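Quick one: the structure is below, and I'll ask about it shortly.
Note that the chains are named A, B, C, D and E in the order they appear, and that numbering of residues resets to 1 at the start of each chain.
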Amino acid sequence: MNPSALIYLLTAAIVFGIGLHGLLQSRQILRQLLCINLMGGGIFLLLITLGGGADGPPDPVPQAMVLTGIVIAVSATAFALALLLRWHELGDSTELDAVANADANTHDE
Amino acid sequence: MTNEALIGLIFLPLLGACATVLPGRFATYLGILSGLAPLPLLLVAVTLSVAQNGPGFLELGGWAAPLGIRLFVDPLAVLMLWMVAIIGGLAAIHAWCDFPPASPSGQRFWPLWLLLTSAMNALFLSADLFNLYVCLELITLTAIPLIALTGSKTAVRAAMRYLLLALLASLLYLLGVALLYNATGTLDLYLMRDALAAAPPAAVVATLALISLGLLLKGAVFPLHVWLPKAHASAPGPVSAVLSALVVKTAIYLLYRVWLWSVPATVAAEQALTLLAILGAGALLYGGVLALLQQRLKLVIAYSTVAQLGYLLLILPMASSGAWPVAWQGGTYQLLSHGLAKAAMFLAAANILHALGSDRLSDLQRLDQRQPLSLFALAVAGVSIMGLPPSGGFLAKWLLLDAAFRSGQWWLLAVLVAGSLLAAAYVFRILAASLRRDDPTEADPVADTKAIPNVQTACAVLLALLALAAGFAAAPMIEFIGPGAPGAWSRP
Amino acid sequence: MSLSEVMASLLLLSGCLFYVAGTVGLLRFPDVFSRLHALTKADNLGLFLICTGLALHSGSLRIAGLLLIVWILGLLAATVSCHLIARRAVRSGQMEPPA
Amino acid sequence: MIGLAMDCVLALGIVFLAVQTVRSRSLFQAMLMFIVFGLLMSLSWARLHAPDLALAEAAIGAGITGALLLVTWRRLQAEGHDPVESEQSAPSMWLTLPTAGAASLLVVIIGWVALQLPAVPGTAGELAWQRLEEVGVSNPVTGVLLGFRAYDTLLEMAVLLAAWLGARAVATEFRPGALPGPAHAEVPLVGALLSLVVPISILVAVYLLQAGGSAPGGAFQGGAVLAAGGVLLCLTGRLEAAADTSGLERLGLILGLSVFSLVGLLVMAGGGPMLALPGAWAIYLVETALLVSIALTLVLLFAAAPGLRRAS
Amino acid sequence: MSFGWQALPLYIILVSVVTGILVFMLGEQRQHTRTVLNLAGAILKLALILIMLLAIQAGTTFEFRLPLLPGLDLLLHADRLTMLFATLSALLWLVTTVYAIGYLEQSPNRARFFGFFSLCVAATMGVASAGNLFTFFIFYELLTLATWPLVVHRGTPEAFAAGRIYLAYTLAGGILLLVGLIWLHALAGAGDFILDGSLAPIASGNENALRAIFVLLMLGFGVKAALLPLHSWLPRAMVAPAPVSALLHAVAVVKAGAFGLVRLIQDVFGFQLAASLGLTDLLAWVAGVTIIYGSVLALKQSDLKRRLAYSTVSQVSYIALGVATGGVLATIGGLVHLVHQGLTKITLFFCAGNYAEAYGIHKVEDLDGLGECMPVTSVCFTIAALGMIGVPPMAGFITKWHLGAGAMAAGAPWVILILVASTLLNAAYFLPLLQRIWFRPLTEEIARRDDRLGRIRQVALIAPTVFVAVTALAAGLLAGIPGSPLFWVTRMVGAEGP
């Protein structure tokens, strides 16, 4: 395998891992969203690297997949941000564990 | 003719959604009606064709796989499509009262609803892994706004949690798909079996584990179900119905497709399938116990969904045994009857919540006088959920038990039995709460009950009666479903 | 190595130098205005040098034209954004240099 | 050799920025890090011979996403939600260690699987190269997006529409001051820049659209560039939030999806296969409709308002 | 699947289902329509059963088959055992309906009550006419579902507690039954498996499996039949109104369990096979222990209805004992007790209900001197109590005589001991009651109470009581003439006998 491909492969995996780690340990929704986007970036990088991007024009099918994926990611992010705004208007915290507590209290409403 | 019908199933609701976005009352009505009403008719054509000619493919754009995207229709897909048409249709009628198309709330509701319908139809028909990813995202991005539509604190919070986990799930799935494409050079579900058989099994299993993890998260399979109860319980009634009856099933459906259709037997070994079944068993027991502990009707029903999804995974370890056809029939029948019953329960619960202003179990007393028909729907659907005769749930449970016996999987038998006892416990808990009358001297309780439009009551009752009727009309449907996945026709 | 290539390399290197200087300024200077001062001037020049270097390197007029557009657009964007940042800083009362 | 060194630098930069996105204490800083991460990703696409993606990532991944993040941040602040909470309390070790463990495990699995699974010949991509001319374009990515896998693209438009519908569905009632407002409107420089940049963005968008057939570009990149122009107009107060979505806006939102579907259906009605776009002209027609919808949807998502109108 | 004349068993079930649904739809207020509907349904059903009885005499066979699953049909048919149970239930349903109309006058939620009452009988008819175990199970579970709302009818916490116990027992029993059934299905393959001897060919090699299945099925039926460790729901369920008790004990639930045991021995396994596997002894022993245990506990109850309930626990096991002992005479004894116990016990419950309604009497001590102010009810009570004890020539004696003779013939003399002990115990818990009713003076406190029954209710409550008491008496006195329960059972055993 081409050394560049190896580098990007590694980068892809690590970025995905960092995103996952951040998603799981963070309590801030906005940061969790960033992490999800990081993970997406990792996957896209993986797709193109595996598609042979390091050796020449990569396989067009993964490219199309990534392009679609980028648009889907921005759609999801946009919706999530709209939901976040709404969330903020209702509550006073963007932390999910605050929700857990609030839910425990309002559980029986 | 079939091809046109298949295209119609996806594109009519899609264009209907477009029409509802346009200004004007006429466009809205036109969009809703043309998007939903013709679906059953189209399905009749599809069903007849599948019954006559067997499963078939439709190449979109005329590009053959692996280059292009194919649609695949087989009895399982037809079953799911019928569920979308019937459950989605009745839920839509129910929603018509709460979200009148011309009102601002209707303007928000209907385009999303139609897109969701289209997305589910697309998902059940798609034969392409990446296309399925797009479908999954479309479902996520239409279902979650529908949950948050009420704008209540609980709903928005539940929606947010659901969204984050659903996006994570999609990414895990996509990661698996990326690796699979690299290993097989195709995204077609039904073309990758041979290539996968040649690849190193351990790596394939790891890849499938990623895909399955994503799907289990989307399907709210124990222990990844945390998002489900509140999301389903805080959504508007018809949305809850469709979420529980259809949306979570999409993930289970894909699990079936991946593990039973596209994976070679060397990889889909007993251990992997047994692991999935163990999760199903956990769901059945854990969901049942938690349903028993809830204080609110909709939460009980939502946890019951967590539990009932377990049944669908329990059949997997029997895939290689002689009992498979029976197990498969039981699984698919469970899919159907749970869908009908759960949708009926959620619609009835929505009516009750609306009429009483509360769905706390302690507020339900004398429900038999205040909301007799909703209680009837709840009870009849509950019978199916418990798996007691006469109902679709009973026949499904019978088949599952039968299969467990034939394959000699005794632990499955024990789990099934425990699961149905738990189901009986939580359903009867609801019924007991609604027959109670703590204070016999209390003034007429009917007085402070709001009236529910007859149509809404009728939708719940009709779905419950369908769940009941499923207990009688099983034979033709089960014949149609056939022997299940790894049969001769799974790889035409 | 031809003369034009040497020239190009020199231009590129000096362009990078300006960028480094600008960045160091951004990091080291104490307040908004001096940071902007370092950044915009040095970077604009750096961009010009790099664009010229690349144009020489490519040896094609079409590309040179494109690079010119790049430089002009960069210049414009930098000017306006620098102006806006400074304006905002003035409005929010950061005019006084730190004691 | 220099290429390899550059790859290394890029990779290190990407990983560093990812770590910063996760680790930096300030949420705002994390957002900035993420935006820069997008830019570096865009560079790496270029390094990986995927200029279409580089364009898309720069315009959408870093550009529009960044703008959305920043404007949301600003709205949160404007709502009086104190950005103090952006200070992330250090997560407990009990949470960090397992998640880090799980994440590293996954990293190892991904790496290992990617190395284990051999790339097979005869992939869909190779077929796509071979049969590209049947679609009628020479850019293979466009060929896949609008030819072989047109159905994906169509559903992707539905996803974009759903995002807007969803954002509208969860939004609270309209408030006129939702957009940043004409704070910079009176700055003469801004006006001059706008009068230059907005026409350029239209020009670039159209160029990207028509170039997409044979060179990097296409409806998505073009749409994003056009959207960037719209975002600028919003930011500078040239466009302001309207209480209602106008009929024209509604039409624009569904234009891509419905034109695409209808063309596909017409082809089928004429006896052809569903979604087989008959020749390059149909592709351009569809792409134009897509471009309009993409740009409009993204701008409206950015504005977080039902509609937009020219500032009075 | 044919819906013609052959499907009469289906229509008999549907009569009750439709009655039930109509009653639900009528709502609470339309009392007269409801009464007419209830009575019309009950009479129509009885008429249909009599027609079917005559048609069977004339040699017609009835069968309705609806495929539910591949290889599994909903099968309704009518054999002699069906007719025995169906006639009994239909007759008693009519009587109980009349009684319930009177009993529940003025009380709330009557629409719900009568609706489920009808569904309950529909399920019982299904149990009676089930042509295979699968069908049997469906109706058996339906019976559970339809009875629960009746048990909790009063809506009080005690009622719900009783309902919970009832469900816990019956649903658990249902699951055991289901597991046994599925096992049997897997073993014996598809087909109708109530067919005598159909298990014999597969018996060799599968003895232990068959034993396990038998035990599972026995437990499943035993719950409703109140066999020993599974009986404790029955006394708890006494919180329900008196007609429900009558229904539980005499018409539907307990009878369905006992009927299942009869089917199990007679039809599913066949006596020979069951005996060769040692299973009949097991059942006989369990039944014997239950008889003694139930009687002993009945002795200790001071609440009248609870005493009657434990008496049921004891008496129902005679049926199982008779069938499990085997031989013509014992089988006759067991089967005829199905009828005799039903008639006698329903009389007792009606009487207890009358006492409770008229003077609010629930305790045994309060019965003193009631013969004076409620002579008709007290006479009926006496007849039934003597019948239970087995005083010749009452119905109970007929049963016990056949059981005893059958036991001797079958070489199980220990059964005689059980019978003697049980008779003594029966006497011990019934005779004091009679003594109190007839020979003690009325207590001051009771004498001061008014008779709370109005004139109409008096007719509606007393008439059914008298009717069942007379029938119970006749079943014993006229046992020798054609048409009596004994006559039917003898013919039945003679024709199909073991």
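FYI, contacts are C-beta pairs under 8 Å (C-beta built on N, C-alpha and C of every residue); 3 or more make two chains touch, one makes a residue touch a chain.
Keep in mind the model is a prediction, meaning the values are calculated, not measured.
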* Tell me, which chains sit next to both chain C and chain E? -> none
* **Set of chains adjacent to chain B and to chain C** => D
* Structure fact -> For chain B and chain E, the contact-path distance works out to 1
* Asked: Using each chain's Cα centroid, which is most distant from the centroid of chain D?
  -> E
* Could you tell me which chain lies farthest from chain C when each chain's centre is the average position of its Cα atoms? => E
* Chain closest to the middle, measuring from C-alpha centroids that were averaged per chain -> B
* Structure fact -> Two candidates, A-B and A-D; the one with more touching C-beta pairs is A-D
* Asked: How big is the gap, in whole Å, between where the Cα atoms of chain B centre and where those of chain D centre?
  -> 31
* Centroid spacing, where centroids are CA-atom means, of chain C and chain D in whole angstrom -> 28
* Structure fact -> Chain centres from averaged Cα atoms put chain A and chain E apart, in whole Å, by 66
* To do: Send over the residues of chain C in touch with two or more other chains.
  => none
* Asked: Do you know which chain D residues sit against two or more other chains?
  -> 110, 114, 119, 123-126, 128, 148-149, 152, 156, 159, 162-163, 166-167, 170, 172
* To do: Among the residues of chain B, pick out those that touch two or more other chains and give their numbers.
  => 130, 134, 137, 141, 144-145, 148, 151, 156, 159, 175, 179, 181-182, 187
* Any two chains that touch count here, so list every such pair. => A-B, A-D, B-D, B-E, C-D
* In the complex, chain A residues that touch chain B -> 16, 20, 23, 29, 32-33, 36, 39-40, 43, 46-47, 50-51, 61-62, 65, 68-69, 72, 75-76, 79-80, 83-84, 86-87, 90-91, 96, 99, 102-103, 106-109
* **Interfacial residue positions of chain D with respect to chain C in the complex** => 184, 187, 189-190, 192-193, 196-197, 200
* To do: Could you pull out which chain D residues touch chain B in their complex?
  => 109-110, 112-114, 116-128, 131, 147-152, 155-156, 158-159, 161-163, 165-170, 172, 247, 250-251, 253-254, 257-258, 261-262, 264-265, 268, 272-277
* **Residue ranges of chain C in contact with chain D within the complex** => 73, 76-77, 79-80, 83-84, 87
* Within the complex, which stretch of chain B touches chain E? -> 329, 368-369, 372, 383, 388-390, 394-395, 398-399, 401-402, 405-406, 413, 417, 420-421, 424, 428, 431-432, 435-437, 440, 471-472, 474-475, 478-479
